[in-house]
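Below are structures written as structure tokens.
There are two complexes below, and they share subunit A, which is joined by subunit B in the first and by subunit C in the second.
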Partner chain A sequence: MRIARAQHRFFVLCVAPSLAVLALITLLPALYLLATSFTPLNLTRPETLWDFSEPLVSYRQLLVDDRLANSVWVQIKLSFWTVTLQLLIGLAVALLLNVKSRLLEALRTVFLIPMVLPPIVVAIIWKVIYTPDISPMHGLFNAIGWNVPALITDPNWALTAIVIADTWEWFPFTMLMVLAALQMLPQELLDAAKVDGCSPWQLTWHVTLPFIQGVLLVAGLFRLIDSIKAFPLIYILTEGGPGSLTEVTNYYSFLQAFNFSYLGFSSAITVVLLCATIALSWVIIRAVGWGVRVD
Partner chain B sequence: MSLLRRRTVLGGALGATLAAPAVHAQSGGKPYNGVTINASCFQTTYYEYLKNYFPEFQEKTGIKVNFTMQAFPVYNQRTDLELSTKGSAMDVCNVTFIYSGRWIGAGWMTPLDQFFKDPKYTPADWDPDDFVAGAQSAMKNAKGETFAFTHEAGAMLNIASRYDLIEKAGLKMPETFDDMIKVCEAVDGKEGVKAFVADKLHHWNWIPYLMGNGGTVFKAPPENLTPTFASPEGIAAAQWYADLLMKYGPDGQLSYSDDQAMRAQMSGRANMRTQAITWGVPLAKDPESKVAKTTRFALMPAGPKGNFPGSNSHGLGIPAGSKKKEAAWEFIKWAFSKETIGMIVDKHGYPAVCRTSVIKSPKFKEVLTLNGQDVAALYLEVLQLGGKSGYMKYRTVPVFPQVGDKINKAIEKIATKQQGAAEAVKQAQAEAVQDLQKAGIKVDL
Partner chain C sequence: MQGLAIVLALLALAPFLWLLVMSFKTNAEIFRFPPRLFFPATLENYAALWTSEFRTSFANSLVVSVSSTIVSLVVGVPAAYALSRWAGRGGGTITLWILASRMAPPIAFTIPYFLAYRYLELLDTLTGLVLIYLTTNLSLVIWMMRPFYDQLPRSLEEAAWIDGATMWQGFTRIILPLSGPGLAATAILCFLFAWNDFFFALILTRTEAMTAPVAVVNFMNYEGWEWGRIAAGGTMIMLPVLVFSFVVRRYLVSGLTGGAIKG
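This part shows the complex of A and B:
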């Protein structure tokens, strides 16, 4: 018992410095953000810095801001489509690549390229693809007589254009995680199912998918949280336009803080966004669980 | 052969340094030996040219200049944040026109009167009154203190890259909004050239059309900042401009930056553009231009209520937090001396000059005579128009960036048919009012 307590104390001591650093670089800024959200901080009006006379003023403004409401709706659409497509494509490609072959192993590496590129480079690549004057895609379509509009300025296509670029960039993440899980799938399970007469489809549905369910959930969660942080693609490709069709909440918050200096209001948006992300993650984990644990 | 030689510039710099404070007048004629200043500006041709001469400035004064340039929105964003901290990261920065009211009003810039009015720092022949009054007005506060000296005056002109197509159609450069549509209708698509092009900064490009139609952005800037652009005139102007963009502009232009719009003209893909002269001169002068021989300039077309071409100015100032203000002033003084500006005009054909003596010089006229046309005269005419009636005041109020953003969104929504003109403009105005109230500004409701 004493040994266990001493061991526990030792672990706590070992972890303490990391926790202290984590608190310093994560919790303190978050607390500052929370405090700022209770002020009407405006950079051009220094007297608003620690003005807590009306602590809920920014939160009240959130409720009547139609553009913010629109940005939340855009965010929901963007997150839904990007996460869904990334999970489906990532899963499909992983299942296809989960075969022992030198060619397919090489292909796995190729598929990872979009994910390891700096996000700003990805955005520039897609800017080139979507700009009709210089786009190889538009050049090709023009050559075959197909008049395709400029996707990032067309209201029917702008959000889809972002979804396509984001999916291209991040489906390899799901693919990588699923591939790793598939490599750990016990061969005995598959063999037993085959002996029972499972078809390939039944094998996938009843054995493989339940086994990787937890991994898919984690991948989905990561992608969901990351989709809420979507920024470089929107900043480079559309700047939230045309109009506000691709203006997601964090981009709107960025505009409020760094273009208009409404830091108090922007902090309030960010606090709400943070709470929503945490709540959403919790709900999903509670609803789906962490999947099958194989010990 | 150049009229103004490098030696003249060096002479100017030397003259300037002689006037430096006596306390520095040691160390072998380099009063600021070892001092490094950080300067920053958005991308503009003046500094592209000027940076080639920084070593000579350092040679004479001992001041090393770390000069960085960023894209227009990036520069403004970063500088806005940096200035708000009153930090000392920058010693010299560009005071952007639409931010001038905000930065000066918030006390983020240093009054320069203490330098240019003191003979200890500035010789009389530097002549601060030589700067065009209209351009300088944005760089002053209500007390008349000066916070920057201008290096670029933007004078909006109508610039046609393929005037030959307009002539072929039996027409001339449009003088009214109605003419503009006639010309666009006649030349659009001819030889694969779209009739019109604009960049995405609608809150600069659209306003002359709004005012020409009888609309205004604010009630009475800078005193009364109640937004008024959702008037019937404003709604009509927004619809008219959105139609101009979508019927006669190239596909995808709603995402065009300034440079992209210029490239569309230079490569002969788009014809007319109503924009500042700085973006027009390269069409006639740049070696890459395919339209050098067919470029033509004209005044901005007039609307039923008159002609309101956009004019603006950008200047160099010293942030309030700078710890090297004297050295920073040395740099500004050198960069904007008559000799330096004259040399940049002479050697590089820089068009957007703000010093009257240079603008009136035969050399400037020679440099800005493009395809036989006296563009210098057009340039001066626009600057004078802007200075006289003060219709550009809307642009230097501290909250213009917020309101401008709403205008940009409204024009995009109309152009892409997401909303009708009335709905989009009224919504933009309502959002602008909300934003102004957030900034603590009273509006008449």
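This part shows the complex of A and C:
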């Protein structure tokens, strides 16, 4: 009993500082964001600070802003293509590498490089590749006589260019998660299937894939949430252009806040984005049951 | 199969190698096509960086990343331990809260921090950056370390308590020494998060506290596209990242998914 009480007090003392700091640095700012979204705050007009006379003005504006609607559509296209391609390529490479061999195990580390590079370096790398003057890709195309436009300034190609760069950066994430899951695939299951005369294709389709579909779902959800935050690639490669063809919601919110100074309106966009993220996080927790204790 | 894997790896690596090689080229060599396989390598891009403001930004990045890592570990590790041992109520809510603060779009924090820092005079200061990096790093520490402590048997510290040790001694003398590998991996991931950040630093700093990623991007705007310097700066930013990532590659999965999947 004495130990139990001492234990309880000790645990409270351990958790309290973290909760206090988290409240101060995440909860308080979230409330501040919510409050700001109810004002028409514009930094060039100081009187709009804490002006709650028309709390829903920014939210009403959300509904009628065509540029915002466009940005949501761009976001959906970007998220759909990047998540799909990353899952497919990541899965394919993982299945290819899932063989016991020294060489392939070394290659796993090589494939991780795009994912661990600082996002800003990834953006610089692709800026080089997409800039015709110095690009090895454009040099190659010219050499074989293809006349390829500068992808990031071409309306038909700009979004595709971003999708390619983002897929390159993040397919290793799916690969890594699938490889981790494959290590837990029980060998007996594979042996039993082989005894029953399964071909390698049947083995992959009927045994391996059903085993890793949960991991694929989680990887997809994580990438989906992260795709909402896409910033450095868009900022460096296209700045949302040409026109607003690559302007995703996150980037539009950034422009409204820090280029046009409409912080109130931008806060309203961000509150909606934040709610979407929290909802997706909740789905993840339900999907993997993380935080539910089993002891 | 192995041949295919090697070809794919080279293809995946090519864009990265191109930047690395570019950092050793003169400007004339950069614009040359077809590129020469053997070109006179030069260190002048790096030398130019060393004598410019970039040096200060690089130091800023180091200071901010190390400070935010230390603060997150000191505050977060005891909490991770307690949350692992103490099946109290509200665990689910705390989990969602922690996951959400990791997942939140950076702009959700940037707007309120930007507004608050104008009054607190924290804009363009290293302290301001350390504080905003805590939003992610503190959650990361709790998340990475909690599953780690779940795996350590309770009998360890219970034995110490029966021998008369206090709770605190049980934690510092028994549990912490066993946490070495987990602590190292967590520290490196925290460091990398702060080191890699671009968005927060872009908005919350101007000149004094500018970090290396923002400084590199400025070479694109003001000084007329100095590709050699941009490549050299990019290389300097990514070198520590590559070394550290190689060290913690086994922990990357749980770091990125917050312990949802154990790699």
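Please note the rule applied: the second predicted complex is superposed on the first by the 256 of 295 C-alpha atoms of A that agree within 3 Å, B and C clash if a C-alpha of one lies under 4 Å from a C-alpha of the other, contacts with A are read in each partner's own complex, and residues count from 1 in each chain.
Basically, contacts are C-beta pairs under 8 Å (C-beta built on N, C-alpha and C of every residue); 3 or more make two chains touch, one makes a residue touch a chain.
Predicted, not measured: the structure shown is a model, and the values here were computed from it.
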item	value
First (subunit B), second (subunit C), both or neither touched by A:Leu274	second
Contacts of A:Leu209 with subunit B and subunit C, given as first, second, both or neither	neither
Partner chain in contact with A:Asn42 - subunit B first, subunit C second, else both or neither	first
First, second, both or neither for A:Val283, with subunit B first and subunit C second	neither
First (subunit B), second (subunit C), both or neither touched by A:Leu245	first
Subunit B versus subunit C as contact partner of A:Phe258, first or second or both or neither	both
Touched subunit A residues, subunit B compared with subunit C	C
Contacts of A:Ser18 with subunit B and subunit C, given as first, second, both or neither	second
First, second, both or neither for A:Asp65, with subunit B first and subunit C second	first
Which of subunit B and subunit C A:Ala143 touches, first, second, both or neither	second
Contacts on subunit A seen with subunit B and repeated with subunit C across the two complexes	133, 258
Residue ranges of subunit B touching subunit A (in the complex, touch as defined)	77, 80-81, 84, 102, 105-106, 200, 250-255, 260, 263-264, 269, 398, 401-402, 405, 408-409, 412-413, 415-419, 424, 427, 431, 434-435, 438-440
Of subunit A, residues touching subunit B in the complex	40, 42-45, 61, 64-67, 130-133, 149-150, 152-155, 237-239, 241-245, 255, 258-262, 265
For the subunit A and subunit C complex, residues of the former touching the latter	3, 6-8, 10-15, 17-19, 21-22, 25-30, 32-33, 36, 93, 96-97, 99, 101, 103-104, 107, 109-121, 124-129, 133-134, 136, 139, 142-143, 168, 173, 176-177, 180-181, 215, 218, 222, 225, 228-229, 231-232, 235-236, 250, 253-254, 257-258, 263, 266-267, 270-271, 273-274, 277-278, 280-282, 284-285, 288, 290-293, 295
Residue ranges of subunit C in contact with subunit A within the complex	1-2, 4-6, 8-9, 12-13, 15-16, 18-19, 22, 30-31, 33-35, 75-76, 78-79, 81-83, 85-88, 91-92, 94-101, 103-116, 131-132, 134-135, 138-139, 142, 161, 166-168, 171, 192, 195-196, 198-199, 202-203, 213, 216-217, 220, 227, 230-231, 234, 237-238, 241-242, 245-246, 249, 252-253, 256-263
